Each structure stands twice: as C-alpha cells, then as structure tokens.
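The structures come next, written out as structure tokens.
Each of the two complexes below includes chain A, the first together with chain B, the second together with chain C.
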Partner chain A sequence: MSPPPEQDRRLGVVKPEPEPMIKLKVLDNEGRRVFHTMRMSDKLQAVMDAYYAKAPDVTYGSGTFMFDGSIRLRGSETPAEHGLQDDDVIDSYEDL
Partner chain B sequence: MNPATPDLLPERRKRRFDAPPLPRRFDAPQSHGRPSQRRRRWPFSPLLPENFFAFDMGNFISGLFGGRRPKDDGLGFYKGWCDARSRDLTVITDEETGTGQHLLGRTTKDWSRKAALEAVKGSQRQKSEPFYKKALGEARRNDNRLEERGIKVRLEEERLAGIRKPYKAAEEDLSELFKPLTDEEEKEVHDCFHARGPSSKVLVLHEPSNIEVSKEKFQCLIPGRWLLNLYLELLKEREKREPKRFLKCHFFNTFFYKKLACGKNGYDYKSVKRWTTRRKLGYDLIECNKIFVPVHKDVHWCLAIINMKKNTFQYLDSLGGMDHNVLNMLARYIAEEVKDKSNEVIDTSSWQEDIVDDIPLQQNGWDCGMFMLKYIDFHSRGLSLSFRQKDMEYFRKRTAKEILKLRAD
Partner chain C sequence: MDSYNIESSNADCLDSRPLKKPKCEQLNDCDLSPSPRSSTSLASSCNNIESSHVYDLDARPLKEVKCEQMNDVDISLSPPSATTLPSSSPVNNDRRILLDDEKHQNHHEQFKVDQTYDYLPQDYEMTDLDYCALMTIESSLESDILVKIDDIFVTQSQLSCLLDPKKFLNDDVISAYICCIKYQAHLESRNDVKFYFENPFITVILKRDGKLGVGQDGNHITKIVRNYLKHEMVLIPINIKETHWYLAIINTQKCEIQVLDSLCWDSNRVDLADTLQGLQFHLDIIGRQQNLISHNWKDLQIISWTITEQVQEPMQKDGSSCGLFMLKFMEYWTGDSLSHPITQEDINCFRYKLAGILLCWKTNTAQTTHQNMSLLGSSNDQKETKATDSLLEETKYQSLMSILSKINENELVGGLCDYIKSINCPETLEKVWVRNSKPYSISLTVRKLQEILKEDLPMDRDCLNLVIRKFMFDEIQMMKKTKGTISKHYLDTRFWMITDFGRHPNFRKKLDVEQLAETVYTRTVYILDPTPLDPVYKYNPNARYVKKLLCIAEFLPKAMSKVCPGSRWSEDVFLWRQIILSDVPIENRELSGYFVSLFICIWKDEELRLPILKDGYELRKQFMAQLLTYKENECEDNMPAGVRDFLSCINATKS
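Moving on, here comes the complex of A and B:
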C-alpha cells in the first residue's frame, strides 16, 4: 500500500520557508577582510574556512574567532546560538 | 842663554808635543802647594766623583737630540747620591753596604732602625688623625643645621607613620587573600598538573565566554591568553556577585590592546567600538572605578590601569619597565569612548600618569602573567600591592583552583 499522493504534497507545503541570509565579516590584525554570507542555522565553520582560504599564511585551525571582543566562536556553533546579526564583525587572532 | 847646554835645557816652546816628559828635579817641589793648601783649593773634591761633570754634559747632549735617556738621569742620580751622603750615618748600616760581618751588631742596628722608622710613622699618623677629627668636631658643634635635619627626619617619620596606618588597616583583610588551600583542593590541583592522559582533554568549560581549558593549557608555565582571559571573566563575575566588596571595574581581555593599537593602521578606535556597548556590558565604562588593560609585549605581560575616579593612568610592569606610548593610546581611547557612548567630553591630556615605584617585581623570567593577574586582583580590591615573588607559588595553586572551580574568591 503506497501512501496517498495528497499527503506528500501537504508535507512539501509544511516545509519552512528558507531562512534569511546574514552577511558576516571577518577582520584580522593583518587588515584582511573576509565576507561570508550564510544562514542563521549553518555552522560557523563555514566562515572560518572562508577566512583560512583567504589567509594562506595562517595555519588551518590556529586562528581564534571572537565576537564582540569577548565571546569565542567555535566551528560547531551557529550564528543563532550567539545572536549574530547581519553585518556583524568577527575578529580573528592568530593563536599563540 | 847658555848655548853649551841646549840638550839639558831645551826651550819649552819648541818642545814637540809627543816628546817624553821631562825628568823632575829632586830639589823642586813635587806638586803644587801643600796638602792643606790643596784641600782649601778643592773643598768638594773628596766628596765628588771623578766624572762629576759628565752628568750634566751627557744629559745636555742627549737632551739636545731628544734621546731616550730619562731627562732626570744625571741630576736625579746626583741628588740621590747627595742624599745618601747627607743622611745620618747611623741609618746606613753594614747590611746596606754589604760589609757587615758581625751578626750580633747587625741585628741590633736593624732593630734600632726599624724602631726609628716605626716611631716616625706612628708619630705622623697620630699627628694627622686628630686634625680632621678635631675639625669635624668643631664643624659639628658649630653647625646646628644638623640638629634641624634630625628634627625634620623625625617629623617626616611621624608623618609617614600616619600615612602607613590606613594601609595596615587594609592589610587586615589579607588573611583571606593568603588563605591556604585545603587538602582536597591541593590534591585536585596537583592531579590536574600531574595527571596522565591526553593533553588535549578538556578540564573546564566556561559557558558565557565559551573558553575551554584543556590540560595542555593548564599545565603551561606561562599562563596563556586563554587562562588569563578566563580568569578575567571570573574576576568580573566575582565583582557582579559581591559588588560591595570589590570596586566596580572593567576587565578588558588580552585581545583588546592588540586590536586597538596593533592593527595595520596603528590606533584604531572603530575596531573596538562595539566591544563596550551598554547592551552587552550592562554599564558604561565611565561608571567604572578602574579599567584594566592587559598589554602583551611579545613574550611579556604588562598591565595598564585607567583610574576613572582619580583621573590617572598607571602602567605596571613586573620587570620594572615603562611605556608612555601605551598610556597615550589609552588616553585617546578613553576620550573617544566616553564621547561615543556617554556623549561627554573629557580632557584626558591633563590626566596624570601615576608612576608607582615600589610595585612587586618578578625575580624570574616566567611569572609575568601571574604578576599581572595579581596586580589586577589587588587593585580591584582597592588594596596596596603587598605581595612578593615568594608568594607566587601559592598564587599559582590558588589561581589553578579558582579556574578549576570557575569561581574566583
């Protein structure tokens, strides 16, 4: 017995509409600016990867990403967890 | 002239210069004058050496040619020689002339000479000492300014004692600061420092700031920036927990100064503008009593303090250094910050740099981070910096305990 086709259609209707995209900016002490546009529920690792791609002299994984000066961001977290908004700036430091 | 005797009496003028000397006549005087007359004519002759004139002559010629001989050679020798002659004969012993044969006589003469020399020396010393002593004594008696100095010193000491009293009152609180760890805490800290297992194992995680401390970070001798930042967060929490016991302070983390001053374009206020929003902190910097800014200098940690109540800047370096550049940057920053956040204009150029001389200094090369944390800790309590290098071992353990418990006391 196959499920009725109406139900499938209804599921597709229930699907949430796509989240708004936010643009994040990464700044480091060398003066590099890296912009990345992502969804609120995406992993922050995407921003970090974009930064490492733009900064070849920074060893992958050695950077530290801070939001608002005191909150450390981790790749496994999402912008929603820290309340990041559009046009927010993330500071990047090379870890010592 | 008798021509018959030309050989016997030749004419003197015609004698050849190489002719043999004439035989002396026996009846003629053998020399000029008598011995007594001779002495009268040359009164110094027995005293002078035969080559007496050679002294100055030789010196004169060599002096003309700029010879290497010491200029004083002839004259000096002559003077020495005259001195030796004129010295008292008793002083010149047989030992000096090298002709002494009798041991007994020689030793007695030695003794007499030594005694004479010592007597001369002793009398000279005894004479010279009382002179300046007497002069000094007189100067002292005459100079009553010394007495005034003494009175001034006593007054100053009394004044200082009055100043020290409040400090001592504050020091009563130190018993809590140096409270020894309990055995359990000691064991816990020891386990963390020496436990086996992977070094990347996470020991504690501070939720609000998302700082995690792994064993690796925990074990390093110089507290890394994460440990410092975590401890600063803990200090802030402590202050919020007990606002009455601690001064209202703001603790910037270790990234602040780097972001503010060490960017590509030097000083940049915009990059840290968002760090201190009221929405985020819940207060404005202008309300704070003190603002602490850790300054990282390559491998060394220093601390800058902005005292908002006294309007002063302070720079504490546990190696005793000073950097006016840092304070100038902070003066610019705080002026812009207050203008931006509170819309007030303050003139930081008139603020004083409060230079403290007797801050505790580190005696080794790795305690700077710990010293910085303790400067912050003591200042946030409003205490004077009354700790020393020897306290660092305790402070290390205590800080480790506080980080493990995520609660600063």
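Moving on, here comes the complex of A and C:
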C-alpha cells in the first residue's frame, strides 16, 4: 500500500530529503489559526486532522477547506496536486 | 386519455431560450438571420432542420437521427447579447402555438435520454430528464459525487435536500446553480450592465474578514474583490447560520446595497453588515494600491451606501425554501425589479427541477450522470447492489415516493422507458426482467424490452405472447372480483407456430397475426388488421384471410377437444359470418403487433373503442407498461429497486 520512501521514514532511516516540507495555515471563521508542516506528497487529510484537533467544537469531517477562494480541498488530495506552496493559507468554515 | 407529453417537453426546451442567437452554419443554412428571434420562429426553423436531415437519411422516421439533430441545435445555440427579455405572458402564448404546430409537423418527435441542459429553464414543469435526476439522487450512495460543475463538487447527501421540501438548501447546491447562472451570458450582462455572481463560500470569508480584519497587503480574497470592480452589479448570497438565506446586491449605479429577502427579515442584517465590512476592508486595500484598475463605481465607500429592502411583503410561505428563492432572485434581478414573477408554488416545483438542472447540466462532468445509468439503480452490477443498500434507509426513501406519487401514470411510464432505453451495460442487457413459466416459459431480457421501444423494429413474438398472458391474468382477476364470466378467450401466436402456419413463406410471420374475437352467440369472426394492404391482394382484400381462417377452422376444434375433452364444441368457424373492420388504424408493419395487442386488450362487446394515441411510440410505451406490471412475473427481483418503485407507483395510479 504505502510507497517505499514512506516506509523508510517510519523506520527512521535517515535519507536525504527528496522533497521540501511546506508549512500550511488553516484559518477558520472564528479566527483560529492552525499551522501544519507537511510534504508536498502527503495527504491533505493531515492538515485537516490538525485543524479538527485544535477546534474541538467543529464536528470531525464537517466543514469545508478551500484554497485561493475557489479550490475545494479534499483529504485524499495532496498539496502538489493543487500547487500549494509554503505559507499558503487554507480557509476553513463550517457547513452553512 | 391523458397523453404523455413528449412534445411539450421539447416545446419547453425551445420555448425557454427564446432569445438565443443562432450561430452555427446549420442554422444559417436554414435561413435564419442572426438576430434574436422569437421562440416560434426558432422552433419552426429547428423543425425544418430536422426534417431535412431526416429526409436525407432515406426518409425513414429514425428517431435517433432526429434527436441527435435536436441536440446539435441545442449545442449550437448560444445565448444572446440580451437586449430584450420577453415578459412571461408572450412566452406562454408562443408555447401554446408551438405545441399545436409540433403536433402537426413533428408527429414523431421523441425525447432523448442523454439530453442535457445548456440553459436555465424558465418553467417549472418536470421533464423525464428531471425525474431521472431525482431517481439518481435517490438511488446513489451518500458519498457519490453526482454533480461536478467547474470547481464545485456536490455529493448525494448534499443533493438530498432537493428531495425534501422541509430541508434547507445546501451551500454546495447553491454554488453549483450559481455556476449554471454564470454560464448564461445573457444573465451576466443585462442591458450592458455587468453582473457578478459571488458564491456562498467567498461570502463566508468576507464575513470572517469583516469580523477579524485583514492584513495590510490583503489576501487572496482581495484579488477576487478587485474583480468586482469590473462589474456594475455584484450579487452576494448571505446566510444566517442554520436559519436563512437572502440576497444582497451591490448596485454601483445607484450606490446602494439592495436586499432581496423572501421573508423580509429586515431586523436581522448582522451577517450583511459583517460581509460589507469585510468587503470594505478589501476595497480599502485596493484603493491604497497604486495599480488601481479603472472602474465605473462612483465611490469605494460601500459601507456608507444605504441598504434598501426590495421585497416589501414576505413571498415565502414555508420555513425552508429561502435558498431557492435566493437563487431565483439572483437569476431574475435586473437592478430595479425581477424580470419574472416568483411565487411559493413556483419555488416548490423549482426544488425538484433544480435537481434535474444540476445533474443534467451540460458541463456537469460527474461520471454517473453522463452514463446516465445512475438512474434507477444501475447497469453495472456493483453499483446496483450499492443502490439497493442505500435504498434500505426508509426515511430517505419516503421523499422519492412522495414525488413519484404525484406523477401521473404516463409520466411514470415515460420515465421508466427512458431509463430502459439508456441501459447499455452488456451484462444488464442479458438479464431477464420478465418471466412467466405457466403454461410454458417465456423470458424477456432487458435487451428485448429495449427493442420494444425501437420504432424500426417489429413486435417480438415472446413479448406479444407474454402480454396476452398478462391480459388473460388481469381479466381472470377482474372476473374473480366482479364474479362475472369470462367473455374473451385468448390465443397467442404459439397457436400459429404449432400449426406451422406462420412459416409459410408468403406470410411475414409476426405481422399477419389477426385477432379473432369470437362469441358463440353471434357466430361472427371479426378481423382487425392494422397492417397495410399487400398489393398482391389489391383486387380481393378478403383473400388475405381465407387461408388463415381455414387453418383456424381446422385446428381450433382439435385444440378445443384437447383442452376441454368433454366439450361439445362442433363449430366450424369458417362458416361463420366474417366481418373485417374497416375503421382499424393502418400503420406501418413494425407497429402492427402493438396494435394487435391493443385490440386484444380493448375489444369489448363486439366493438373497438380505441383510445387516443399520440403516436406509435406512445403505443410502445403502453405496451411496455403492460409487460412490466404483469403480476405473475417471476423475475421481478431482477429489476433494480428503483424500477420496482416506479412500477408500484404505476399500479397505484391505476387502482
């Protein structure tokens, strides 16, 4: 299931970083800011999980994560797919 | 009999884009000037196109050809530059004219299943397309993405609000419809006034920015707001959390914020104030930037503009349709007034119509709708089980039943037929949907059922035999109820096969089947023959039947003695009076089998009382309904659950 590089990481094998880490910020309606650092090829679910962890009043799995005012993000996608860069902001809001 | 209105749905299509400017060569060929035209002229031009193409193709009434042609026309039509929106009443008039016209000229017009919407219909009448869409929503899994328009993805669970009149409209559904509005060039620019349709997500971010403030250099929303400046009218959907939707319009010509609220809640404008504040922050940033684009806004201090309530009396009578009202406001607001009147009744219908528009929208790229198999279950097995699973949830289910129960029988049958036509999975096509094994087994696969609806194919023998069995069963049931006596005895074509008569080379076997309704009292053989007269029999038309009657006369007594050994049947039907009915509709050979089945069904008291039928396709559809509603069907479980529901609704409307 998981590709070899990921396995290596889990096993703690030190290898030259194949890709840079990016820091993403989630900003929600309440003004909460949640930062998360991840690889371009990691699933965006990670940053969403980080947000849900910091926002206990938001039902897990609910709400919308959007980038650049138009791109809806899904947990199964990666930052690379949408061209997200370091310090990009993800808007999050609860279902209307 | 209430006829199923294929024509009207086509008329609707034409009618609801009265202003489109024809662009393609095809249309030009047909001598259409490029100016906006009334729906009538456009419609008749379309008819011309169709007929010319049909004649090219061997002058046969091939439905598929026509429909493709129709679609071509659809595609080629582009929205107009919109100078004159017709008021609704002339449109209605045109439509009536159209309907009549079409009945004459376009007798064989037919609905195509994989049609799409490339315009926003202005009426609320449900078409087959819309019903199919509702079925799709009903039978899909919650997580299935059924609508993908631009960046908007809408799942089944989000769309389910369209099935339940008590639910609020989901924000993704709203966004998707706004995308559709954006495709309508005549809505984006009205009388040279450019409209900007914002989606609910940006509104939420604007509201957040209004509450929390924006950094010095702005953010990605600033870019979006900068784009507002290129427009004169910015329409912003506002949501009061879990409560209400209304529309705010930044009218830069009047320097006012117009509010269209179907409930007139003018005391609760907090969300609007926050949104405007957020917008103002962004405008301030843009104002400070050097590269300010040229714009027509009188000033950028929108926060100081007056807020004017545009709706004086609440239009909304329920507690749940505010989102639908808001969408229609977006579509119809001209800056001063609504171009079309909106009532609560319209909106109630719009909820269901909206499902059709979104799922069948031309740029909807979600897989399921394009295969249009998603409809009532599915043509691939894996999906089918999924659909059945999701249908188990009873609560979800009632909404569809409530819709179906409002549909009349003809529409139900029409929807079902369109569904069957759309099946193209090879495995599903080989599935047996109708089977009865008494006295001998007849099975009909989906493929055979599909052939019933193909107008260039004659009646299949198995279909006819099975439908006769069905008539017989129905009559016996009826007699049991009313304690009457059986007045009709039915013979199916097997009789012909056993007598080896049908194989006679001079006779085309399935077409020459005549109905013999005999009553012992009058000793009369009536012959009802819907096939055109073979020129061979030009001089003696009755000769057609002599051989057959002789054959019947010979075999009927044998059959009788076999079936009822003790009977004293000693009649020679050949010696009976023969009446060949002359007022029988004569159609093409392909249709004759269907007429025969109809005759069998309605022959009563030595009279033929023909129902009014619009065309041959109508007849085929009714035949299909007869077959599918056969109560002794042993294979009903092979049909998807959605089909079975349609059938139970059809049965319900009958009783």
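Odds and ends about this structure:
Heads up, the rule we're going with is that the second predicted complex is superposed on the first by the 79 of 96 C-alpha atoms of A that agree within 3 Å, B and C clash if a C-alpha of one lies under 4 Å from a C-alpha of the other, contacts with A are read in each partner's own complex, and residues count from 1 in each chain.
The rule we apply is simple: contacts are C-beta pairs under 8 Å (C-beta built on N, C-alpha and C of every residue); 3 or more make two chains touch, one makes a residue touch a chain.
Predicted, not measured: the structure shown is a model, and the values here were computed from it.
Once chain A is used to superpose the two complexes, chain B occupies space that clashes with chain C.
Of the two partner chains, chain B and chain C are each touched by A:Arg72. Looking at the shared chain after the overlay, A:Arg33 reaches neither chain B nor chain C. In the superposition on chain A, A:Val89 makes contact with both chain B and chain C. Of the two partner chains placed around the shared chain by superposition, neither chain B nor chain C is touched by A:Lys23. The clash between chain C and chain B in the superposition falls on 164-172, which is one of the stretches 92-100, 164-172, 452-460 or 542-550. Residues 27, 29, 31, 66, 68-72, 89, 91, 93, 96 of chain A contact both chain B in one complex and chain C in the other.
Partner chain A is touched in their complex by these residues of chain C: 151-153, 170-171, 200-202, 204-205, 207-208, 211-212, 219-221, 223-224, 239, 241-242. In the complex of the two chains, the chain A residues touching chain C come out as 27-29, 31, 64, 66, 68-72, 89, 91, 93, 95-96. Contact residues of chain B toward chain A in the complex are 208-211, 224-225, 229, 233, 253, 255-256, 258-259, 262-265, 271-272, 274-277, 280. Only residues 27, 29-31, 66, 68-74, 77, 89, 91, 93, 96 of chain A touch chain B when the two sit together in their complex.
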